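Remarks on the structure that follows.
Labels for the chains are A, B, C, D and E, by order of writing; each one numbers its residues from 1.
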């Protein structure tokens, strides 16, 4: 008798349908891989970046996926350290999302550097004062943690469980998962922060520069905070999306509600802190360098002041207020509407902190804003992670017991 | 499934059942085989693959020349007026003595016939050849710090025959730079190694400083 | 600290550019291309893809005809000291120590073989002084013949920038060692290619800390200012202009603010 | 013993573990990164002994001394030579980047014979023997047909030994058609002839010793004229020096001037006369010069007793207010400028000689010369200097009967004919003459081109192209594949100036008679030959009296003979200064009166009367139809663009600002006010159309240009050379049209009416 | 990254950064070793147990 690859007691679609689904995603991956080939073999001239836009779509994509992947670290923190049992029902999914996000981030970094074969210099010849070094170290070690967190889930595949060693390994890893999770939280706190530090320390770029607390600029804390606030919302939204696609209930509503409540308060406190930061920056930091707030916002539609309004009011306070109210949380449409707004807010924040920094003219005799639109290669490689994530999550969902509550919620399978 | 386990459980070591598989010792043996193979191929085979031997155009006899010239190494390897170092002599410089075939030995004949008469520069192999990114000036070392040639170049000046020259297939570097020992342990007898940290270590000793990037890079 | 080798003399090289003299002729740019093996392509009009270590900008006072005035502003790498000595905007961010503040000379170094092309330094530099090698450098026909061995040609995928012709410093130092006067380098022995090339003598170069050098006096002139000084980048390149609007155009000011120079003028 | 899956896993584990403890992964990772640091396709320049060699740059006629940094046999860098008296260390961007031409892809690497259509650039390499035989064969045939006078030579200069060889060749061959390309010197030479009586002397300005330079539109700091000389002069300016620029556009020169006066273009002559009036009225002129060395200042009576108007009476009409009306300046400005000029220690007024185009307005030039005469600075330090060409001592040409007959025939460009008796060269007229001639009766049957690129540089270059296409046989001596070379049937490539000898005659406009010597610093890279040698070879091949006129072994022998005593100093110092000092005023003038003639009695005029002879202000007609909403297109010179016979090397193209050129599109400068009227915005695509042609451009709004004008830089829009040069922007010459001076034939159009519309 | 490399300085920045990083890596590494070791023992123990 053979052991089924699919976990016991759950129902999955037919393999033909599954392969078709994977095939579509694989096509997108292939497109991205072709773009990767162009970039690695012909160099970064295949992109639309230039000397004004040394950092562009990719760095934004990196910051974005890492912030969204922050759901893994914060859920881990809630589940293993605070001990919120309920969060454990979604933690596996959060971890997989984290793995997807972080591997994608590293892949994009591998593309983004001009000399990938020398990429290891960042570790070997590390400059410990550079925020990017901190990002690289914490990011890669944290990816290791995520994989460690993912291994027990992987080992729970019935076929793998048959190997006794793996069975024990999975059990033992579960036992001390809190240690890994705690280390992960520590690392994640720092690299999320360092990512904020990346623009925040640029004292030659008044738009990004934030004064500091200890050795870190404000953005260090704001980035960690916002990732912790919005990450779980992203996890929840993706979980909801999986539910919609599989047409199955996978997680009980109270899990969502709990995450939403925590995120709501996190978001509210974050956006208040962010507002204070913005006000301080606009009235103290920037003017000391000769810039009025409106110098940083152009007449062109992309870098207009609306971007600040959207980030703070529409995608900050609004979703925060929805999420902290019970009524808001319990209305599914409001809850996920707010989650999507919050995610957009986070994406805008990262966009602004990378792209607008590059776009804003600094020298007074140079009036034009630097404009840039990504090349297809950049778009393809930035979309690749999404397709790759779909594939990985689909495989994980199909073959691993991701959702402890699935059986209970879907009886009769 | 359980019956199979029962059958084999009495004689776990002597008679392994097909399902139970190999014993720990066998597994260990396989590990050692793999481990040993890797070590061997890595430490012995790999260097042979990585480096290629480049024959010397002429087997130059330093000792012989040293006897004939007045000024030691400086006779052929000298400082130019602007402080730059001449390195290997050019054909014109060799010609000052080697205008025609003197018939001293095979090498001399080869040199005269293939290079002097053909008016072709000799493609000398340079053991100490640094890549383009390195700025090295002999003047501060030889004139400033009064170092001997042999400190860095070993006793090549006294050699009667050129030792082998190997080139890294990937990097194009002379094998002397990394050192002939793959592990870089111990001092090589021919001359010091010349990777960046080798320079740095000496500088730390001599000048209390690792030096600055631009001091040695361009 | 152990930063400076015991045998090395400490200097702080800098430049003073007289904007009232600069004619915008671009000789400095061309001399720099030639001196530093800067590559070129058939398409060079997209300036943000073009490699220039020094670039001459054209500033206007914004007044209508015929009260218009023009000022040309050559912009090399500013070799910033940064907020505290050596904390240049670009140096502190480089993750692999490919760029460093050279303490003995005050020049910001850039090592192409160490750089792996993350471009963080470019994001950090407010002057756009740093350029990325988007393409493999290619010299058509046998133009490779004119390349100078003093400066390494860069490879694709790394950042490059003005080095104040550091190799000329090395050359002068080598000569000094050869002549038995180590570390004793005269003012005229080390001049950058652009300084030397400027046909209208608008550029002066030397040790900013050495009272015997011309730059020492010039940088203290009341007409002296630096580019984007308010960012605290602390550049080693000074400019001179007697024109108030030029001073204003070199930095950012709020509406009620004035450059120090204008206040002085009004007083 | 049983082997199972676990054994293989274990083996793999061992392999991996052993591998990690072996050097393989670490060394490969390290070496791969080192490989990226030493990519085989990234060049590694070779080191070697360094040498500096001094020579003279001939990329433009400016004649700057340069020093060349060599490593072994490679040219690494060019810098200005501090010891050279012309540029004293200064050098323009073209000089710095001329190494790109030595090694560049634009070089013609061997003699070429055309295989494709004219201008298609299709050639095949041929041997020197073959090429020279072909040329001498063709020329011989024409000569035997009695058509020797239909051979013409276009040369960038008529000074120095190479042009001398060409002149000599034509003389021995039997053609009067040695033609110099148009230049600002045309007007100065004519003015010097009229006012001072010299027919072939150089007019220069001793800028380096002047304290007040009043420039009527000279691009002194825009790379025109002798840029090294002018830049070096400017670099030595201090508080005591003043530069005033009169120009409708805020050029680089205007930007650096102490004062910029934006007079309407074409009215500079009126301004000069206005200044003269103020100077005279206030008694600020040099009495000694006026009283002892000038003629025609006051009214005078001729031999027939007729009273003629003097210069003084003529300019009295040019009151400051009237001149203000003509020029658009303020009367106050004119008066104060006149005073400042006349009171300056060493004032000098300059015009025209280094504009990007040869605008040769005789009246204006005479008026500016008169300003110099008024302050008495003719042949004085810091003034206007007239000096002779260097003397060449060569044996007279041997002329046979055919040559003698050929030389009596009228010139193809009509210079020196009844219509333009006082002109020497009129290349600007040649295209129209060729176009209107019948194929069978073409006045030019064979053309030799040396040091010039007329197909590109002539105004209305489209017509010039069509005209040259009609010439059955064209020989180019260019080192580079330029536009004219592309029209040639045979190219006999010259060396790059770093590869061969050549004397460098005193540069146009420079106030000191310095002859330089360009020496080879490298051996020729390609199968090229010094044009001097080539022309001697052709002459030799033709035999007879022609061959007899060229008894030298080669160009170097000729050079030594021609320069005689000077040669030794030249080859030792790199230059030699004419020992002859500028002539003293009592002997300086070869006019009938022996004085400086404010009233140029010799002037050839169509009408009679004093107005025609005196340099009064006459408005120049701008070519083209006047239409509403039109602009007047002018060309301007940029120091970053080479607009002469040689195109921009890639280095210079790299310096061109983003508001001048974007991709292949050229920007046209207009005032925001003009843009408002034409409904154009910054960066708009637009089409400019003149009677000569049309081009699509982009719009650049510039406050520094006079409303109603549109300006385009000269020197772009090449179609030949290499992909680094061709296809960038528009050749402004294709949009311009020359207007011939009715009595002198030289071009006097400073602009052209144009329609500028949004695309 | 290591004290034998050019960039290394014995300063507070390196102590903090490399210290924290080394600490985290050590925790992770030791945790992994523990899990794998314990699992090997567990697996072996299971085999023993199965025998009795």
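Heads up, the rule we're going with is that contacts are C-beta pairs under 8 Å (C-beta built on N, C-alpha and C of every residue); 3 or more make two chains touch, one makes a residue touch a chain.
Please read all numbers here as calculations on a predicted model, not as lab measurements.
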item: Touch-network distance, subunit D to subunit E, counted in steps; value: 2
item: Touching both subunit A and subunit B (chains); value: C, D, E
item: Chain whose mean Cα position lies farthest from subunit A; value: D
item: Label of the chain whose CA centroid is most distant from the centroid of subunit E; value: D
item: Most centrally placed chain - per-chain CA mean versus overall CA mean; value: C
item: Separation of subunit B from subunit E, taking each centre as the mean of its C-alpha atoms, in whole Å; value: 36
item: Centre distance in Å when subunit A and subunit D are each reduced to the mean of their C-alpha atoms; value: 63
item: Gap in Å, rounded to a whole number, between the CA centres of subunit D and subunit B; value: 58
item: Gap in Å, rounded to a whole number, between the CA centres of subunit E and subunit C; value: 48
item: Of all residues in subunit C, the ones touching two or more other chains; value: 46, 50, 97, 112-114, 136, 152-153, 155-157
item: Residue numbers of subunit A (touch at least two other chains); value: 115, 118, 121, 125-127, 129, 133
item: Residues of subunit D engaged with two or more neighbouring chains; value: 32, 35-37, 44-45, 47
item: Residue numbers on subunit C that touch subunit D, as the complex places them; value: 21, 23-27, 29-31, 33-35, 37, 40, 42-47, 50, 52, 56, 58, 60, 62-66, 68-72, 112-113, 136-137, 139-149, 152-157, 193, 196-201
item: In the complex with subunit D, residue positions of subunit A that touch it; value: 115, 117-118, 120-121
item: Subunit B partner contacts - residues on subunit E that touch it in the complex; value: 4-6, 47, 50-51
item: In the complex, subunit C residues that touch subunit A; value: 46, 48-50, 57, 59, 73, 83, 89, 92-98, 114-120, 122-128, 130-136, 155-159, 227-228, 230-233, 248-255, 257
item: Touching residues on subunit B, where the partner in the complex is subunit D; value: 16, 18, 21-23, 26-28, 30-39, 41-43, 46-47, 50, 80, 82, 84, 86-87, 131-133, 168, 170-173, 182-183
